[in-house]
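I've put the structures underneath this note.
Here chain A shows up in two complexes: once beside chain B, once beside chain C.
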Partner chain A sequence: MNSEIIISLEHVTKRYKVGDGDFTALSDINLQFKKGEFAGLVGPSGSGKTTLLNIIGSLDSPTEGKAIVMGKNISALSHKESAMLRNYHIGFIFQVYNLMPVYTVFENVEFSLILQNKSAAERKKAVMESLDWVGIADMANKKPSKLSGGEGQRVAIARAMVKRPDILLADEPTANLDAKNAHAILQTMKALNKELNTTFLFSTHDEKVMGYLDRMIHLEDGKIREDEIIPHKLSV
Partner chain B sequence: MLFKLAYKNLEGAGLRTWLTVGVLSFAFVIIILINGIVNGFNDQAINDAVNWEIGNGKLQNEKYDAYDPFSIKDGHGILPDSKNKDLVPVLIRQASIYPQGRMVSVTLNGIDINQKLLKLPTILLQQSTEEIPAIIGKRMAASANLKKGDQVLMRWRDSHGTFDAANISVAGIFNTNVTTVDAGQIWISLKKLRAMTDLDKSTTLFIAEKDYKQERVAGWKFLDQDELLKDLRAMVQIERISDSIIYLLLLAIALLAIFDTQVLSVFRRQREIGTYISLGMTRPQVVGLFTIEGSMNSILAIIVGGIYGIPLFLYLSYYGIAIPAGADNMGLSMGEKITPVFGAGLVLGTISLVVISSTIVSFLPSRKIAKMNPVDALKGKIQ
Partner chain C sequence: MIKFLITGILRDKNRSLLPIIIITIGVALTITLSGFMKGVLGDIVDQNAKYETGHVKIMTRAYKENKDQLPNDLCLLGVDEMIDSLQMRFPQTQWVKRIKFGGLIDVPDSKGNTKGQGPALGMALELFNNKSGEAERLNIESSIISGSMPQKSGGALIGFSFADKLGLQIGDTVTYFGTTMNGSMTFQNFVISGTVRFGTAALDKGTIIIDISDAQKVLDMMDGAGEILGYLNDGIYVDEKAKQMSDEFNALYKNSDDEFAPVMQRLKEQNNLAGYIDLVDTFSSLFVLIFVLAMSIVLWNTGLLGGLRRYQEFGIRLALGEDKGRIYRSNIYEAVLIGAIGSIIGSIIGLSVVYYLQVYGIDISGMLQNSSMMMPSIMRARFTTELLYIGFIPGLFAMVLGNMLSGIGIYKRETATLFKELEV
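And now, the complex of A and B:
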């Protein structure tokens, strides 16, 4: 694996206005992620995991400090530039799958590629390939409402992976899944991580997820308590 | 591609969409229908006015003013013979008739009985053997209680101001939509009227035939069709405005439904909006998507309206619309049947009105998306 740094956080602090005062959700976060990492932000609810993922995904920006993603300073991007960054380089997976109910599975997955102005033939090929990765190619024409939770999250993974992003941000992806589905999905993601060298960054407090991570960043009250590299995983 | 997405979303909204589309399509059809009827009426009224009253314009004695009854007395003159080619002469006088002892003031029109320009049945004046045959319109007949063949006493003044009286006989009653040649009007032979009033060769006005060549004649002024139709057009315009209130209300209801749906969508579909943004859409693109979604209601409405509207319009413009008897007192007199006229301008104008107005009401609530924080939207936290 190469050691190219694709995410770099320097003194990232995020404060929210609450009433008259401030609430510090993230405090002086310094972190770097290399291409191909399979890492997780772990910590209790409210520790700032989602906030940090959103900053990396350029949906949010830090109050102080710098977040550099794919060589770009998030705070300095225009709306259009940050949309481009998300469109081409970043995939999101949410706890609630956030699938568009009126589109079919195929159309949900196809969406990013339409935004990228890919041709219909290219789209079809890429969509079917990514549905294959997650093992639901036979459900392409179903509506999300007809899917089980595990299948829904697979569609979300396919949607995030179809554009072959550099970074995949997964916010508590297994929180709504049973153990069997959670493991299946984690195995799929791990396989994609190896095959495509996509950087995976999770937010989780699920033990099952932690079992798969190569690196765990423990967050507590918006601060890094420990940045732990899981040694036996490094040999993989 | 936004169109396809927008259509899917609309389709997904189901009944609500179809209700909105239904009302909007109804507004669309009604706008075209009402305007088509007014257009048809306008055309018909202008046609009737031309055929019954104004021909290709009027050459009037300068002292005569159609709006001033006092101008009748002296508003006449003699046009040199060389100048009266292709003109139908009319002499106007005031008179009174006494049906059943009641006195009714009338305008007495002497017209060349050989004229073929106006639809006035002057042939009946030619054919009658009575001393003073007259033709009147159905309104005049009704108000003076006269029937064909009736005689009634008439009193008038001659050119010296001396009163004279004689019986006139109703040689015929004509049916026209043009009240100005009907209500309070009596038509007799020009030759006879000139003799009765001792106004040999005098004329109040001439109605121009098609071939009439306009030239300046001292003491006379020519009023062309446009000038003479001014009042009629103004009346039709007023009718148009009062009718528009009906359909603008209907349109407003439909637009309100779209507006309401949009406000609700923007609020209820925050997660979806956040997801679009997380997938790499820009906020203006999302605003565009929601706007297209709303305005697509109007496109569907036009399609749906077309499905039932086109056969209806075709049927009506072919067979016309029967106007119930007694509709005469609607301010404008109408024929028994109106043939609506649906021009391309009307249809295209209505399409633009519906599409543009629904795009605006779709856009206004969607603008809010541009100010949304995607993180809050994803959490569904925006009120």
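And now, the complex of A and C:
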């Protein structure tokens, strides 16, 4: 497996202004992720998981320290450059599926490729392929409101994967799913991770998710308490 | 991307319907009001030109100063010769003479006693001279509601409500009492040959129309006339032409200090018409301005509401890698599309209403019962090419402006904040 480092966080600190003072959501985070990892940020609610994912996803930037993603320093990017980074290299999956309600499943998945100015034929091929990966190719023309929770999250995965990103950030992706759907989706993601060598980074406090991870970074009050490699996975 | 936006507009009725309705109403109103004001003003100007002012009018200086009193003692003399020379100097214009006069109409019964009486506004025209075009100009033939045109000296037409008031029949004789231009008493019998309805209350209530030769006899105005009117040959008033003509004519008498020297006034200088014309123009521009402002504010607010509703969509699009500038611009494209749709529908509605009002008009004769203003009793709109864009452009502009203002909110917001609003 390729051991190229694609995410590197050095002394990352994030403070929010709260009233007159500051609230430190992340403090002195040092982490590196290699291509193809299947890792998770775990910790209680409010421990800073989402904040960290948003910084890696270039939706936010650190107050101090450096976040280097795909060789780019997040703090130094313009709006356009960070949009480009997201468009070509990073996929997002959220706790709520966040599909655009007026568009069909197909159109929701297609959108990233429109931004990349791909031709209609290329788009169609890629969209159908990614809907296939998650097993809902037959729902291409449905509206999001007609989907079940598990189906909605599958569309979200297809939308994130359709552009074959290097990094997939999943913020509590199973929180709204029952056990059966949660496992199905995790298995799908694991398979995609193997097949496409995409780096997966989760934020979760769901035991089911933890069972699939190769690496768990435990966060508490914005600090890393433990960076744990899961041994049985290494033997695979 | 455009297809993506159009799909969104068509499927998301909340996004498009309200702005489209607002723009449609605004655009339709603007077009209707403009068309209507232009039409009514045009008719007022046109009627004034025909009955009162001509495209240009020649009077003596003294007559001009007192023209409200119909001062025929200050009339022009030697008018036939003057008309010949005017026709030579300004051949693109038709010249006619008219006398307006006041007096009393008395209706005698069979024994010669007064049966009815009323003040009259007399109009003496070149009725018997077909070349003058006066009968056509004033549309007299089709304004006659009973009887016919006077065929010979001593015949008269009378306003229909005047005739009603005096209880006159066709063929009845009336006696006119008045003063000659020299100030002595005069009276003369006329036979009513017909009644007319001009659709202008001021005329219908008190007018008597006779040939100018009769008036010259009764008023002792041989070869005289109160006014000489000039009409541009194609019948359309063009201020530049009128001005050129009046400047040239008035220059001839510049050095004369004779108070009976003739002076030429163009339509715009008479009866405050310049004031009306400018007023309507100002009014139209003001209306369009207020409309654009009001629409922009309303659309700004609907844009803000729409934006709030769509934070989720914007957040997703940001996450998927669209940059804020592009989202902002795509909102403007949407505004252009929605603005164009609303403006087209509004223009179609507005133009249809204008067309309807041009053909059928609004009858206001009831309101003009006691009015002495020279105003058409059916108000009609008028279609002009200006109406094709006078509503369309402001409609589009208001929508785009409104969305630019509401979009600034999206633009200013931190990406992370906008994005976090996604979270539940």
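One rule holds for everything that comes next: the second predicted complex is superposed on the first by the 236 of 236 C-alpha atoms of A that agree within 3 Å, B and C clash if a C-alpha of one lies under 4 Å from a C-alpha of the other, contacts with A are read in each partner's own complex, and residues count from 1 in each chain.
Keep in mind that, in the parts below, a residue touches a chain if its C-beta (ideal position, glycine included) is under 8 Å from a C-beta of that chain, and two chains touch if they have at least 3 such contacts.
Source: prediction; values computed, not measured.
Because the two structures share chain A, they can be overlaid on it, and in that overlay chain B clashes with chain C. In the superposition on chain A, no contact is made by A:Met210 with either chain B or chain C.
Of the two partner chains, neither chain B nor chain C is touched by A:Met128.
When the two structures are aligned on the shared chain, A:Ala184 is found in touch with neither chain B nor chain C.
Using the contact criterion defined above for the overlaid structures, shared-chain residue A:Ala137 touches neither chain B nor chain C, since it reaches no partner.
In the superposed model, A:Phe92 lies in contact with both chain B and chain C.
According to the touch criterion, the shared surface of chain A, contacted by chain B in one complex and chain C in the other, consists of residues 54, 57, 59-60, 79-80, 83-88, 92, 94, 96, 98, 100, 102-103, 107, 111-112, 114-115, 159.
Touching chain A in their complex are the following residues of chain C: 1, 4, 7-8, 11-12, 312-313, 315-326, 414-416, 419-420, 422-424.
Considering their complex, residues 54, 57, 59-60, 79-80, 83-88, 92, 94, 96, 98, 100-103, 107, 111-112, 114-116, 159 of chain A touch chain B.
Across the interface of their complex, chain A is touched by residues 1, 5, 8-9, 11-12, 271-272, 274-275, 277-285, 373-375, 378 of chain B. By the touch criterion stated above, chain A contacts chain C in their complex at residues 50, 54, 57, 59-60, 79-80, 82-88, 90, 92, 94-96, 98-100, 102-103, 107, 111-112, 114-115, 159.
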